[in-house]
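The chains carry the letters A, B, C, D, E and F, assigned in the order they are written, with residues numbered from 1 in each.
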Amino acid sequence: MHELGVVRRTIERVDRAAVDALSPFSVATVHEAMGRLGLMRPYIRPVYEGARLCGTAVTVLLQPGDNWMLHVAAEQVREGDVVVAGCTTESEDGFFGELLATSLRARGAEGLVIDGGCRDVDELRTMDFPVFSRAVNAKGTVKATLGSVNVPVVVANALVNPGDVVVADADGVVVVPAARAAEVAAAAARREAAEEGKRERFRAGELGLDLYGMRGPLAELGLTYVD
Amino acid sequence: MHELGVVRRTIERVDRAAVDALSPFSVATVHEAMGRLGLMRPYIRPVYEGARLCGTAVTVLLQPGDNWMLHVAAEQVREGDVVVAGCTTESEDGFFGELLATSLRARGAEGLVIDGGCRDVDELRTMDFPVFSRAVNAKGTVKATLGSVNVPVVVANALVNPGDVVVADADGVVVVPAARAAEVAAAAARREAAEEGKRERFRAGELGLDLYGMRGPLAELGLTYVD
Amino acid sequence: MHELGVVRRTIERVDRAAVDALSPFSVATVHEAMGRLGLMRPYIRPVYEGARLCGTAVTVLLQPGDNWMLHVAAEQVREGDVVVAGCTTESEDGFFGELLATSLRARGAEGLVIDGGCRDVDELRTMDFPVFSRAVNAKGTVKATLGSVNVPVVVANALVNPGDVVVADADGVVVVPAARAAEVAAAAARREAAEEGKRERFRAGELGLDLYGMRGPLAELGLTYVD
Amino acid sequence: MHELGVVRRTIERVDRAAVDALSPFSVATVHEAMGRLGLMRPYIRPVYEGARLCGTAVTVLLQPGDNWMLHVAAEQVREGDVVVAGCTTESEDGFFGELLATSLRARGAEGLVIDGGCRDVDELRTMDFPVFSRAVNAKGTVKATLGSVNVPVVVANALVNPGDVVVADADGVVVVPAARAAEVAAAAARREAAEEGKRERFRAGELGLDLYGMRGPLAELGLTYVD
Amino acid sequence: MHELGVVRRTIERVDRAAVDALSPFSVATVHEAMGRLGLMRPYIRPVYEGARLCGTAVTVLLQPGDNWMLHVAAEQVREGDVVVAGCTTESEDGFFGELLATSLRARGAEGLVIDGGCRDVDELRTMDFPVFSRAVNAKGTVKATLGSVNVPVVVANALVNPGDVVVADADGVVVVPAARAAEVAAAAARREAAEEGKRERFRAGELGLDLYGMRGPLAELGLTYVD
Amino acid sequence: MHELGVVRRTIERVDRAAVDALSPFSVATVHEAMGRLGLMRPYIRPVYEGARLCGTAVTVLLQPGDNWMLHVAAEQVREGDVVVAGCTTESEDGFFGELLATSLRARGAEGLVIDGGCRDVDELRTMDFPVFSRAVNAKGTVKATLGSVNVPVVVANALVNPGDVVVADADGVVVVPAARAAEVAAAAARREAAEEGKRERFRAGELGLDLYGMRGPLAELGLTYVD
């Protein structure tokens, strides 16, 4: 799957309408709408409170302590893309900072998801350029070894293909395969509508035990109430 | 100690006056007033800045990746309770989100402490429903296996009995056994009063070395000053 | 290197002008200006958002779960110092809280860097007393065993000599040896000036590939573009 | 629950016959026979391959970096006891080595379970004195602060009462409350007998799908086979 | 990519000759021969010293704390297969023990790679049934929720397709895509032959500096020798 | 302290007699004899059971994922040296394997201590070339960026100067500054002699409480015995 030393210039992005349709939903909702698949491991965290993004993936495969491929990726970015970077090994160096953020924003990028470290977090907060990373680290990187751009990449245990939709917020990062974007957006909308009704009933004091009809199954499994 | 498949409906809560007496104090102060016992491991963290709670424990024993017992617990919650959930194993899935928070709040709960993951943290911040958890994770949970409610539970290495007082703030989570609540509140008040005097002396430039009479003991142990 | 039971009263601090010259720069910039040396491991984090410090090191060698030497260090603090504390072992207890912060501030300290835990973080935020620590932990400490003050100390894998400059912000903590302070400040200024020009070019849409002349070296290593 | 500065001299140990009845079974079997309760967190590991123990708990509550209470505990040990030590905080110092092992063995102890570090592991292997710990660490400890002996203690998230049975092997550590020892031994024996039959059937190539009658429930939940 | 509730019965396995060709090589050699791709994260470790395996992947997607799909997978195993199991979330429960090992061996399996916990490690060592896991844990699992078998799965950050070759030894686990197996085996053989020559020269005292011609490039980058 | 791009050819090694004097003692004993200083963090572990070393340090400062400087260091190795390698950042790649071990052994090296990963552990065990590392990892490294050789280096939080004595065994790694080697060996010998006497008394059933005269101090601090 992975390839080194390759940049794919032509990728098929999910169409903008489907991205826009996914955009209002939280990661938790999208993940449920996906059938509970596609979630990155929870060690990927926003570098500042309020960071949120939704866009099409330009993927990057990095080498440890080396951010060369992020510069290569910048050229492949179009309006509405999210750069999504994995690494051939665990590396928490600061691959990314505000200069690269300035470059990516100028190219139209929505933000970055990286299985590595990030620096300049105060500047990124000020710019409101959302980054989701595994670490914050002032340690800079070299430019010495080839990785790849726009190949399938595993990032924090999730497979990302170029052009997939990536949604990230305070709860984590989820990847929606291009082919499923429209369907997942519709399922997310249905789920959110259903939740609104439930929310009202919970607010009124109704119990999940009743709302979800749990009392029977619990009794059947032998749940015992004692005084 | 632990039991599975049991819900105790009748628990003896610390009386409200004792909870109110503990409520103004920080976790650090309560922990000192307890004689430095009852603290959860520090991996339990608030999911948003400013989260704080003090209330009587409704305890829950969860199974990994399964939040069924939180719904069972909701029915046992009374005004002023805190839901305190341990797990039979280490699990960072998102057991809890804003729907359950809505339900718990409708029942009068003050908040949640959970040795597991939590999601919807933006919504929880907006609701100001305090949650202290070991992880933030969009991954939802199933409802398939029995745990228990209102049995003694170990949460982040601290034993919690139903009805105990639980205090949580930015510094962590401490458990005050029901029988000691009044005594600990009194000790906390005394400690805080004593600290106020010390604070003033520190502010005026007095050293801990003098304020605490440390110079003698340090010299006795052989502390050597060199130029 | 390390010594136990010793307090050095006379240390040679970097002169104030050099500290002031370093003060405007971020940790990332100083670290680059140092030639990428002197960075602490990234597990040392600010205890509140916005914490930042720059000052001369008063070093402390702590014993696990014992903060006695912080009181000893307070007496050695002068205006503009930063207390920098390592520990003979990994310990995440709450060695430091607002009373000690009050004392250190009264002595003129700029803040604290500690390879251990810290408590009272709400109060520290209110005081705006910057602390960089490996953990937040309400667990207090004893005063029973000798460490040292103003000896060379390794803190989060970085060597700190008394009098060195320590700079800390959201990205981490860097140590500038006293002898290099002026030179590093000058290099940081040059670097920042150079970055300003780059920032403008990135903002205008120029690529790092062109700005840094990367296309040749990448091609030479065999980077392949495919459609 | 926890108390500091207390040594209980009289504890009720599970009778030897019940300990002997539990002794042949593995931790996994005992844990299943307990109804899947009482397991310590899996970070507690044997310090050498082949370590195994089963005995009655003499409990210890340690302070970080301080092994004083292990010496106090030695006096309370009787033939067939296991010393089980928790700590008021996370501490990986080397609380225990071969001298203390020599002392405990002379008193009749079966071994040690400790939520802390251990040293002299080569010597312990040679002595075949089984230790289960969270770390191996040459760092010694002081004798300065009081803990307790034979109070209820939480060790690696499991509650241990003095006199409980503790079983440990390559898979981990499980605690059997004194009152349940005989019953659990009987259940373990039944379970092992049942497993023998299953083992034979598995060996003969029968599938768990058939042996456990899983095909129906799987189909009901919608498991789909495709070619 | 991932699907839940699906079992693919027909997968295309790498032919036996290619597996046999890969089998003599170490994971390090295969990984190099792959161009340094396909390695699992190093937290996957053998559960006993000397464990080693090479075979074709039958993939499994597990749910946390639930080993149902391992029983479903057993039916899909053929002589020479390795069961390779990922999980929808991080879970260190003991999904696998000697009964399942007996079943898998009866079906012809070579061993197991699992991004989860394993128990009965003493028995597995005795059986010499190689398991590579992220944890050892006596905690058993339930059979309640559907996962999948023989779908593409990400395991410890590596993508595994059913039928790929999986090689594991003391150094870790590497995945060779089916289509590349023969080519990688050939490259591994060439690499090993080349290493033999180098080994002899190193043994004779020749330096890597000379053997690899490093002196020029090092000097060019400015490496300075001082006395 | 750290410098990049420098190789010091002339270092002052502790004389052989002092190394030989230290050689019989365990890390725990040497660490005690040092006054409990100089210990590396306990995450550095032997890669095989029985690994042990004692020699004079040739120090290396590595860059992440880059083992170039180990080849540079090989040339500086003399009979009886130990290569001791730190890294400018946390990196668990496999910097070292059996080819480099063959080279180092040919140069007379006793072994390796590395704050990074190691591979070929089966071969290293067979060669009995002792390595102490923070990880085992098949991932190879590049040769692209300069570090240094024989500069002072911090390794796993311990400062190592070229020529210092490094002792490593199953309990960890300790660094003895060159100037203190003879004195520490003498202290270790005294300590071991004293321990022999204690061992006999412990074996005979005497308690540490009596042997160390602890009963008085414990009573003074208020330790209470209850029945």
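Please note the rule applied: a contact is a pair of C-beta atoms (placed from the backbone, for glycine too) under 8 Å apart; a residue touches a chain by one contact, two chains touch by 3 or more.
All of these numbers come straight from a predicted model, not from anything done at the bench.
J.: According to the touch definition, list the chains common to the neighbour sets of chain A and chain D.
T.: B, C, E, F
J.: Look at the interfaces A-B and C-D and say which one is made up of more C-beta pairs in contact.
T.: A-B
J.: From the C-alpha centre of chain D to that of chain F, how far is it in Å?
T.: 31
J.: Using mean CA coordinates as chain centres, what's the gap between chain B and chain F in Å?
T.: 41
J.: Once you find the CA centre of chain B and the CA centre of chain D, what distance in Å lies between them?
T.: Between these chains, centre-to-centre, one finds 27 Å.
J.: Among the residues of chain F, which are close enough to touch at least two other chains?
T.: Touching at least two other chains: 36, 39, 42, 49, 88-90, 92, 137, 139, 145.
J.: Chain pairs that touch, all of them, please.
T.: Once each pair is checked, the touching ones are A-B, A-C, A-E, A-F, B-C, B-D, B-E, C-D, C-F, D-E, D-F, E-F.
J.: What does chain B use to touch chain D in their complex?
T.: 1-4, 35-39, 41-42, 86, 88-90, 152, 154, 156-159, 177
J.: Touching chain A in the complex: which residues of chain F?
T.: 63-66, 88-93, 137, 139, 142, 144-145
J.: What residues of chain C sit close enough to touch chain A in their complex?
T.: Those in contact with chain A are residues 26-28, 31-32, 36, 39, 42, 45, 49, 169-172, 174, 195, 198-199, 202-209, 212, 214, 217-218, 221-227.
J.: Contact residues on chain E for chain D in the complex?
T.: 5-10, 49, 68, 70-72, 74-75, 92, 94, 97-100, 102-103, 106-107, 117, 119-122, 135-140, 143, 146
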